[in-house]
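In the two complexes that follow, chain A is the common piece, with chain B as its partner first and chain C second.
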Partner chain A sequence: MESVLALGGLVLLRDSVEWEGRSLLKALIKKAALCGEQVHILGCEVSEDEFREGFDSSINSRLIYHDLFRDPLSWSQTGEALPGGPLGALQAMCRRTDPGPFTIALDSLSWLLLHLPCTALCQALCALSHQHSRPGGSCLAEPVRVLGLLHEELHGPGPLGALSSLAQTEVTLSGAMGQASAHILSRRPRQRPALQTQWFSILPDFSLDLQGGPLLESQPHPDPHTAPVDPTAHVTFNLHLSKKEREAKDSLTLPFQFSSEKQQALLRPGPGQATSHIFYEPDAYDDLDQDDPDDDLDV
Partner chain B sequence: MFPELNNLLNITPDRAEQGKLTLLCGAKTDGSFLVHHFLSFYLKANCKVCFVALIQSFSHYNIVGQKLGVSLTAARERGQLVFLEGLKSSVDVFFRAQAEPHPLQFLREADAGNLQPLYEFVREALKPVDDGQAAWRCPVLLVDDLSVLLSLGLGAVAVLDFIHYCRVAVCWERKGNIVALVHDSGDGEDEENDILLNGLSHQSHLILRAEGLATGFCRDVHGQLRILWRTPSQPTAQRDGSLTYQYKIQDKSVSFFAKGMSPAVL
Partner chain C sequence: MAAVATCGTGVGSTGSMVAATSKNNVTSFQRKGPRASGTDSGCSRLVSIAGTRPSVRNGQLLVSTGLPALDQLLGGGLAVGTVLLIEEDKYNIYSSLLFKYFLAEGIINGHTLLVASAKEDPADILQELPAPLLDDNYKKDFDEDVCNHQTPDSNIKMKIAWRYQLLPKIEQSGPVSSSRFGHYYDASKRMPQELIEASKWHGFFFPEKLSSTLNIEPCSLTHGYRKLLQFIQKVIYEEGFDGSNPQKKQKNILRIGIQNLGSTLWGDDICCTENCDNSHSLTKFLYVLRGLLRTSLSACIITMPTHLIQNKAIIARVTNLSDTVVGLESFIGSERETNPLYKDYHGLIHIRQIPRLNNLIYDVSDVKDLAFKLKRKLFTIEWVQDNYLRQERNIYPPGFSYLLKQKDSAWGEGSLQHSTFLMSFLAKATAFASRLVRHSEPLKQTGSGRILQAAGPRLWHDGRRQAAPGLLAVPP
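Up next, the complex of A and B:
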């Protein structure tokens, strides 16, 4: 799980209804904040109070919440909405010029993908991940980490594939027997993608507790007292060959397997072989035109 | 309300939770008995209820409500219940002056509309009244059902946006609850409905899924109810629970039992 935060770039957290990912997002945010980073959160799905719940004050002081939850589509017309709507809010995050490492959390990418064209979202994500390398900007190549929460069931394979291709790390949440697991796919430059599975649970204060796996006693294992069954033991036909039968089998030439002798024997009929003749009596309706109508016979 | 369902959900009208979104889902069976349960439950819990009823008429819900011990007519008269009868008022859209926005205004619009007028109606209906009357416990929005909005021409994102704004106004601002019914065709062909169902599932705190039996119709077991508790923002150490029960709908109640334990077969 350390590799998730070590690489910069886009980290996709793919969750499902059964295995939700917001708590893992909050756990990663807490880790980044404990390293002294500032964390900007674009919150679309839950209120600021609900998101900050569970963090202590030292963590909360490092979190800057951009509230797209209260009025994302400007229906209330109270002036509280973020200017420019969802795309404007996302592009405003691209224009940050604060020095130092920081993390951006998008809660959630699914909400943005449902409300913005996929191309605009991908362009904005590219701009977010690469903003530290702009000419004239900060010369320190501090990794900008973008954590995006994505609800897998809401999107088709096209948008999912597009986001996946932009991501440096993909974490897919699942689990078994009440225990959550994360399948982490990391793409390092010029290296093969690495896949690992990590079982974990998240404690009430959003720290990560890495675990070995579900309890092994509950997994079914074969009974050591039962000998493995030999399937060839009691068949009603003979599966084995005697020595004589094997020799006869090996010396047999197959009808369509052409050795050179067989080929010669067929092409030139030997003296002992009877040649075959065809006797043909044409009747009145036959056309004995010897010409080749297609002109493709090499005769 | 059905006392057995209250026991399964571990709630009583006195101890209703607040700020929650409950998703009711009917998969290849009729889940409307759950709507009747929550309607009577919240009326008995002394909550102010805004019911957006798009499927049946007022008298239908009233008749069923009387079997469950609540009178919708009386609740409406004392101001506890605001009832939008979709079947009747949809006709008004075409016969009213166009200047006044109607909650179901989207029916008139040629291009893809949104549900902002309906949201405004809900927000107005559940506005706290401060004229000295007895305060209701918390506002509740009940919708029956959301899938029909897709059939009426809206997109899944428009319906999700409506529920989003209702969550802001009802669950977050006023600490109320939302209960909504969505159908699930189950065969994966209706992509818009799947987006709506999955999108709402991710936001829900409680999902009640009524399913028909896989083996077909049965006289003594009408279906199976799956209950899934979710905590969308809380850590996974408090593992969500999931229970499955089978049920039989009777005239005035619904009885629940563990799978295979129907009284008819024991």
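Up next, the complex of A and C:
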């Protein structure tokens, strides 16, 4: 789980109805805040009070909350609402000037996907997570982390695929026997993606408790479809020969056994041999009588 | 005489030429041969551009893709003025490697580069190019590698399927010097900084060009594609790759590389929805791009995440609009990873299309099931069946001897039944192998598994028909 926060970039938390992800999101936020980072939260799905519930005051003071839940379409003219709507809020976060490690939590990417065009959202996310390599400016060593909560069931394969290709780490929540597990797929830039499974539970004060697997080992394989395919099964001939059978096979004279020189001559792709050769090896049934059978004719 | 004097490089050479002509002054005709100095291209007759060569089949000018194995499969190289489309693998590891090989080949040959990306800064992409293998010390490592790979198998010559030795192996020649056509690269090392700085390149990073306010213009081409086309056109025109500004310097090739075309970062939503508004944007872009390429000395590589495109009709249109299409399928995370056939390889490579340029026939290779492997330093492409054929000696059933040694057997040597059996047996074995590669499932045997044959005189030997004793075990 530490690797989730160690790598920068976009971290997708994919949850579903059975295994909700907001508590994991809050646990990760708490961990980041305890490390002394700045945490910005864009809250769209739940109210601010409900989100801050469960955090103690020291952490609450470090969270900077941008509220889109109360007034998403900025109907009230009081000026409390964020200018530019959700996209404006995201772009405002891109333009930060203070250095230091930075974590952004998007309370729900699903809400943003439903309200914004997918391409604009992807471009904003890419700009957010690649912020540390600003052209011409100083290269910030600390990565920017964007934690996004995504409800899998709400979207089709298109947006899910597009967001997965952008994400540095994907955490898919599932579970068995009342215990939650996270399948973490982390993509390092030029290496093979690493997949690991971590069982965990979240304590009431939103700290993470990492655990081993459930008591009953129901399925050691994460994917039941990857049964190893054995191409030598269901074969109608014998691939495993005993020693005697092997000797019998080696001593077999093959019917069209060429002499090795003829074989070599045929193997050599001779570029235009001057004369063509006829190789003739007489069979057991061949008659080598030199007489011309036409001589018997009485013509 | 005056012409000779102006084109010579040194006084010495001019003097000798003058002396020679005065000696053999039989006729006033002077042969204009190729000049001694190759640097002044204005006088040379044969304009040869560095890093290109004419195809042996139809004389088309080719550039190398950076991978000599891929060059061989594409019929010698990538033709100048065409598009190479690479369908990305799922995690975009190997396709970005091929992209970098293409650009690295451009730097080694001294071509001009144009790198366009919406995700990474082109300067960062250029920093990560692989280093070329030029020295002979690498040749030793490479030869060792090849020897280790081949020693268990090549000692045992094939007895039955020996004609397969005639099949052309995918050539594995070692690293070569910089004057040859294709080069080898070491993926674990970076290209030296001085080579990158000495090269000429133009970068197009889309997020920079994106205006800060989101104005969606109602035009048929997506904003990103339109800007990219304008940029490419500007570079081609200003640098004279299309012959518009007469080039004082030597002619050169422009290598264009576009990364992740069609992804959401370019502003195109074909990866998000199936019925999108601008579904023709990408196809229009490719059409205009191909028009730009055909009229200039350039070659283009495009990587596209086709596994994300939701509407399959768009993939078919994109394939038709590109010239050469190569698809990569990596085994990471798929069920083929556990298949013992594929244990040495990292993925499959599919050559989906090869263009017919000034030609009536295709130039496809004979082998269809190709797999690639990223070895310690090299990227190799091989025929999957090579692995399978190495086990040929285990395919032939051992109990066959009794069929031949019986005196009155229907299966006597040289008999028709025998040869039919052999041919059908071998055909079955290779069809079996190909089917394995394609579907990862063994061929289901229906029926009793016995080979039916035409009736011959000896089959009715004892009054009733004998079934062909072909196979050992009755399948379950």
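By definition in this document, the second predicted complex is superposed on the first by the 207 of 299 C-alpha atoms of A that agree within 3 Å, B and C clash if a C-alpha of one lies under 4 Å from a C-alpha of the other, contacts with A are read in each partner's own complex, and residues count from 1 in each chain.
Basically, a residue touches a chain if its C-beta (ideal position, glycine included) is under 8 Å from a C-beta of that chain, and two chains touch if they have at least 3 such contacts.
What you are looking at is a predicted structure, and each value in this text was computed from that prediction instead of being measured.
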Of the two partners chain B and chain C, which one touches more residues belonging to chain A? C
Quick one: classify A:F206 as touching chain B (first), chain C (second), both or neither. first
Applying the touch criterion given at the start, work out whether A:S251 contacts chain B, chain C, both or neither, answering first, second, both or neither. second
Looking at the overlay, what does A:S57 touch: chain B (first), chain C (second), both, or neither? neither
Please indicate which partner A:V17 is in contact with in the superposed arrangement: first for chain B, second for chain C, both, or neither. first
Chain B versus chain C as contact partner of A:A284, first or second or both or neither: second
Intersection of chain A residues contacting chain B with those contacting chain C? 156
Footprint of chain A on chain C - complex, ascending: 91-93, 96, 118-119, 121, 123-124, 128, 159-160, 162-163, 165-166, 205, 207-208, 210, 212, 214, 263-265, 267-269, 271-274, 305, 307-308, 310, 332-333, 335, 337-341, 394-401, 404, 413-414, 418-419, 422, 432, 436, 440-442, 444-445, 449, 471-476
For a test of understanding, state which residues of chain A touch chain B in their complex under the given definition. 17-20, 22-24, 26-27, 45-47, 49-51, 53-54, 69-73, 75, 110, 114-115, 151, 153-154, 156, 178, 180, 201-204, 206, 209
So in the complex, the part of chain A that touches chain C is made up of which residues? 87, 91, 117-120, 122-123, 126-127, 130, 133, 135, 156-159, 161-162, 165-166, 187, 190-193, 195, 225-231, 233-239, 241, 245-246, 248-249, 251-256, 263, 266-267, 269, 283-285
Okay, in this complex, where on chain B does chain A touch? 114, 116, 119, 157, 160-161, 164-165, 168, 172, 191, 194-195, 198-199, 201-203, 207, 228, 230-239
